[in-house]
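To keep things clear, I will list the structure first and then write my remarks on it.
Read from first to last, the chains carry the letters A, B, C, D, E and F; within each, the first residue is number 1.
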Amino acid sequence: MQQRIQQSGQTWRRWKNHLATGTAVLGALVVVAPLLAIFAYLIYKGASSLNWAFFTKVPKPVGEIGGGMENAIVGSGVLLTVASLIGIPIGIAAGVYLAEFGRKRLLSNLVRFTADVLNGVPSIVVGIAVYSLIVVTQRHFSAFSGGVALGIMMIPTVTRTTEEMLLLVPHAVREAALGLGVPNWRSTVSITLRTASAGIITGCMLAFARVAGETAPLLFTAFGNDDKSLALNQPIAALPLQIFVYAVSPYNDWHRLAWAGSLVLIFLIVVSVSLVRYVTSRGVLKGAS
Amino acid sequence: MTRIRFHQNLDDLKEKLLVMAGIAEQAIQRSIEAYRVRDLSICDLVQRSEPAINRQEREIDQMALDLLAMEQPMAIDLRFILAVIKINADIERVGDQAVNIAGRVRDLQAMPPVELPVDIPKLASMSASMVRRALQAFIDADADLAESVLTMDDQVDQMNNAIYRTLSKLIHDEPSQTPQALNVLLIARNLERVGDHATNIAEDVIFWVSGADVRRHWRTGS
Amino acid sequence: MSGKLAERDVVNGRESPSASGLAVARPSAARRYLNAQSDSAFSDGFFKTLMLASALTIFVIVLFIFLELAWQSRMAIAHFGISFLYRSAWNPVSEDFGARPFIYGTLVSSLLALLIAVPLSVSTAVFITEMCPIPLRRSLSFLTELLAAIPSVVYGLWALVVLVPLLRTEINPFLMRTLGWTGFFEGPDYGVSMLAAGVILAIMILPIISSITREVMSTVPQSQREAALALGATRWEMIRISVLPNARLGIAGGIILGLGRALGETMAVTMVIGNRPEIARSLLAPGYTMASVLANEFTEATTSLYLSALIEIGLVLFLVTIVVNALARLLIWSVTRGASSRMA
Amino acid sequence: MGVGIEVKDLNAWYGSTHTLRDIHLNIPANHATALIGPSGCGKSTFVRCLNRMHETNPIARVTGTVKIGDLDIYNDVSPVVIRRRIGMVFQRPNPFPTMSIYDNVASGLRLNGFRNRQALDEIVERSLRRAALWDEVKDDLKRKSGASISGGQQQRLCIARTLAVDPEVLLMDEPASALDPISTAKIEDLIFQLKSEYTIVIVTHNMQQAARVAEKTGFFLNGQLVEFDATTKIFTNPSDKRTEDYITGRFG
Amino acid sequence: MTRIRFHQNLDDLKEKLLVMAGIAEQAIQRSIEAYRVRDLSICDLVQRSEPAINRQEREIDQMALDLLAMEQPMAIDLRFILAVIKINADIERVGDQAVNIAGRVRDLQAMPPVELPVDIPKLASMSASMVRRALQAFIDADADLAESVLTMDDQVDQMNNAIYRTLSKLIHDEPSQTPQALNVLLIARNLERVGDHATNIAEDVIFWVSGADVRRHWRTGS
Amino acid sequence: MGVGIEVKDLNAWYGSTHTLRDIHLNIPANHATALIGPSGCGKSTFVRCLNRMHETNPIARVTGTVKIGDLDIYNDVSPVVIRRRIGMVFQRPNPFPTMSIYDNVASGLRLNGFRNRQALDEIVERSLRRAALWDEVKDDLKRKSGASISGGQQQRLCIARTLAVDPEVLLMDEPASALDPISTAKIEDLIFQLKSEYTIVIVTHNMQQAARVAEKTGFFLNGQLVEFDATTKIFTNPSDKRTEDYITGRFG
């Protein structure tokens, strides 16, 4: 047979195989290197600047050494709480609608598209929109407006992961529930959502982690505040905002605080992402598919 | 589920059975020929056919067994295979009867020839035609033709009984002819059994074709 | 009607078990209980309406953002018309505004980022899913996932402190020497530059593209790989004919997502691009993006026309991301059509 | 105890394809009835019409009467109520993966608000026993998830889950086709035991399976019910030529 | 694949066959008893058992057919069912022979009693014990026991031949006793056939138990 | 033409589980050989050892000799070469979904740098004809994707794809278990036709399928080859008690 084993081609094929392997390894290295560099630098710089005061003091006036970011940590907490209260329920409910009620309809396609658009809308644009809606009408910057901006940014991520995770739940599971005479809403809440819960939690955590580090939309909503504040209608500080301000400042001590803030922020994010990974890797989701 | 090969195998099975049936039928005819012309060489022929028939019986049985094991036959196909297994046994016994007849002819040959007032060839042709008809019914999957075999059996039985009476009277009257008469009586019985086997074959054909177990109406009736 | 039925069943269950068709003689505890339950038609309807309202909220938000931006920028639109998009002037003092340098900066920095990130992230994903030993696989994918979660301001900080000096002292001189003749790498070299923005954007979108690519590659069924191997394919050939084609859709999706993020990325870019509204051929020159100009100047906008012009830039950015998203959907849709049956 | 099912003039459509045509059929109570026929002939559609699962498909439509005992399921009650009374077991085992074995069995009641713990314990045990699964899982009831047991066990779990709501009819759409022969035999034994208490309708591609478990068998072809008769009759001596051709593999 | 019910069904089938065999065996014994004590009422009993045997034959056949259609039997199970089908036919014919013997006894009864120098009861007990042994082999799935039946058949054949010679000589010498002698001769043939059927049953048992088709070695050999 | 396969002392492991023990076996050339046995007995592992697919699993290990004709596949050649000579068809059809039907069939040759368009056309047509698929797809060769045809057609496409590289041996791991009866019958007919030209090894759960297509049958149990004999022998009168028990359902 003419096509049986052409020895000549074999060497070249082996070579190509090696070449491809080499390229992939190299690519991976090039990617991993800066990542490790960032981490190493962050830990090195940040850890050396961390101290107790960082968590318990508010910033000192310009030029003075010392102070901390208590105001920013508390502020971020307030902002993220508001954001989650807005983003997660709306996001999940919309995801449920897309997955369970509107598979093929025009309306749901429109919603799906707008969710993708919203996901792609630059955070700063969201900031502007919220600014003109809330800040301009209230005539002052506020924690509430910041929370709303972040919440809006959470919605599409939560919606789309919820939808995707729900679609991963086999149709058979839904039929099983309906076949038992379970009402539709009950089946959706107790079976479908629960089956997909690990994935949905992942989505929420990712959305949370994403907005936790957002700076741009806070620039003209939460604005920042050098004092600790819990009031929703007052300007409020936030970790990323504070980091930005300190990073672009010319003062060394502020740079130090910026690094420390970054480390804390990353630590929070890493913890939440790891938690998510732990939950998902326990295989709760795997059984579903 | 186009089980082409399976159905070819069924056809092969039928073919094989018919070949064997042909040999058995021929053996019966030959044995009667031997009786008519008192020819020992024909007896030899008949007796030599027995191993062939037995071998074919085994082959057919094996083939049927293989098909049952390997093809999950259902409905008409299953009934067909079961009918073949039963017909197979009957045909083999028809062959046995031919051999028995040949044996009797051989005994007769050793005795002084006598003229007996019975028409064995007629009985023989009757029985043989029952076998042929039953086989034709099998070939054509014709239940009606098979039914007709069942009625012929009664005639064969009557002829046999008549022969029995004639011969037993003859023996009584002419004791000198006892050995010959006894042998002929047994030949008649053998032919009657051939008819019975033909009847069995016909019943199996009806069972295969229509699914009705004809014994239900027939045997209990008689 | 349903309520009445439930009642009837209860009655039947207690008093005349065999009267109704189904409530036969043996109502067990379970059966009796279930027969007493309503058919939930109302709660089902309510639930569905609630979900629908939430879904519509998303649509309303986007619509609102668009209308708000358009309304707030009406003054600039009226003033400059379409020329706003291609004029290069940016002079708050004379109130002369054009978005061209920002649009240019946004597009170039994003494309540059894609150029760097796509090959790297795809080959990383290939390495992780197809080649690397299993223990290493986990830590590598965890690492890349973490990177996706690092806030941009941290990237900016790192870029400002580490990347920019590194570019200025080591890499840019090298580039000028070897590739200077193309005109893309000419001095003067400030460190903060379009290139720096492109590199930091690339680093930021790398994990996004690579983790999505990795995910879709790991969903390629093992049977597809075995099909190729059983035909006598080498590992690379197996990846080429089984893995990559099956994953191309997801990879395209990941790239688009990365592009979206690069276009709108604000803080890190603001910190390293140099923030100068000029268009230069050299990638080593500073630039400006739409997002950065908003971040830098929005709170300082003093006149209403200035503010309006800035918001119009926001509007343009918004529209650009919509267009990119639409393109992405179109692309994904056209690819899916070819392989739709795979999904079935 | 089970009840008989009376189907009259049943027609079903998916979009504009007419999937079932004029089905007339009386399914006897407390017996197993098998439905066979070539792929796409409408067997699944038919059983899904019996508990109104058909209408969960947005393009599906159905006309005709289905009576369970005296109850006209399309006119007298809502689908949710009817599905509680007519249990269904699907081709692929579909336990709720996030629930424990116990919760799976309890789900039909719990999801409808049943809260009596003690009664629930009893019902769960009895259902698992009836489904011949109790001995295999009793030690892991609340520890193992419904998805962590073998395929055959999962399918029996699904049967137990259905039994727990004490339905009168059990519909099974190729319940063993995804299982290995040993699990299949267990499911068949189970059906055999259950049929004294329930009316069972089982769709199967496997004729021997139909033969083994069912007293009555119906043969569907192109959306029509060609023949409905005693199983032995269908498999040894069907009346209709098309049935005979299908059974003996002369079809298609 | 714990096909419990199927194997129960096989046991039921066996049970049924044994019940029927018991009736057939009893019929043979009764017919000989009738011969010994010249009792017509026993003949009636025997002849009345025929419909029952026929009915059971049909039932067993149907059950075997159903099992073949519904259970895909394989290997030993399949061979068992086929053996049952064949044994079934043989037992039914054993019953027929009993009826035939009863018929002969009835004829004899109508004639003046004579003392014939042949030991029919001995031949009968020999044949009956072949049947019993073959059935025991079937119950115990014992191929060796079945083998022993095959050797007994030769003795039965010899005894039958001896009786044939004796009687044909007797007829020759004492023509007056012809009718009685002829009937006894036929009874002997019937008993010989019973032995043949027992032989067939034994062969089927061997086939079932060991899978070896014993006819291969035996029929061709003889 | 096919070649015989000689297996000596084959042992295989997954991690530390010893999956195959001391397998000795001679598979005849140009015949179909069926492998049966309960789930998990090692049938799949065995056939995967025959074309060195086993070793693609990172935790897998194998010892012993497998000779295809005179070639010791574990010592004389690379796996890539051996897999081209020993084609494999899997349980679930796995056509390349992104390729057209034509490209699917041509893929094996293209991999080897085969570029002659005209010869390729011929080979594709011949392979599809041999796989009894040509008439059904000839009009859509380059228009339809490999995934857009029915399951049964997909499986025949996979067979055609394997035939196109002209292997000497065809390994099939439950090739019809995911298909409906009609498609199954087509695949069986196909195997029956192909076996005059190829050495075919087919794993199946369906004993009747083994009976229908194969001349020889091997029975595996717990990683051991219990019996290997003519198919009719195995199914009507096996020598080993364990085989008999499995065949007749007395097992387990």
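What we mean here is this: a contact is a pair of C-beta atoms (placed from the backbone, for glycine too) under 8 Å apart; a residue touches a chain by one contact, two chains touch by 3 or more.
Everything numeric in this text was worked out from a predicted model, so none of it was measured.
Undergrad: Quick check on the contact network: minimum steps from chain B to chain C?
TA: 2
Undergrad: Counting one step per pair of touching chains, how few steps separate chain D from chain E?
TA: Minimum number of steps from chain D to chain E: 1.
Undergrad: Counting C-beta pairs in contact, pick out the pair of chains that comes out on top.
TA: Counting C-beta pairs in contact per chain pair, the top pair is A-C.
Undergrad: Just the number, please: Cα centre separation of chain A and chain B in whole Å.
TA: Those two chain centres are 91 Å apart.
Undergrad: Determine the centre-to-centre distance between chain C and chain F, using the mean Cα coordinates as centres, and give it in whole Å.
TA: So the centre of chain C lies 45 Å away from the centre of chain F.
Undergrad: Report the inter-chain centroid distance for chain C and chain E in whole angstrom, where each centroid is the mean of the CA atoms.
TA: 89
Undergrad: Just give me the whole-number Å value for how far the CA centre of chain E lies from that of chain F.
TA: 52
Undergrad: So which stretches of chain C touch two or more other chains?
TA: Residues 34, 39-40, 234, 237 of chain C each touch two or more of the other chains.
Undergrad: Would you give the residues of chain D that are in contact with at least 2 other chains, written as numbers and ranges?
TA: 38, 80-81, 84-85, 108, 112, 165, 181-182, 185, 208, 235-236, 249, 252
Undergrad: Can you list the residues of chain E that touch 2 or more other chains?
TA: Residues 1-3, 6, 65, 69, 72-75, 78-79 of chain E each touch two or more of the other chains.
Undergrad: Sort out for me which residues of chain C touch chain D in the complex.
TA: 2, 5-6, 20-22, 24-26, 28-31, 33-34, 37, 39-41
Undergrad: List the residues on chain D that touch chain F in their complex, please.
TA: 38-39, 180-182, 185, 205, 249, 252
Undergrad: So in the complex, the part of chain F that touches chain C is made up of which residues?
TA: 51, 53, 56, 58, 80-84, 87-88, 90, 92, 94-99, 107-108, 111-112, 145, 147-148, 158, 161-162, 165
Undergrad: Under the stated contact criterion, what part of chain F meets chain E in this complex?
TA: Residues 207-208, 235-238, 243-244, 246-252 of chain F touch chain E in their complex.
Undergrad: Considering only the defined contacts, which chain F positions touch chain B in the complex?
TA: These residues of chain F touch chain B: 181-182, 185-186, 189, 192, 208, 211-212, 231-232, 235-236.
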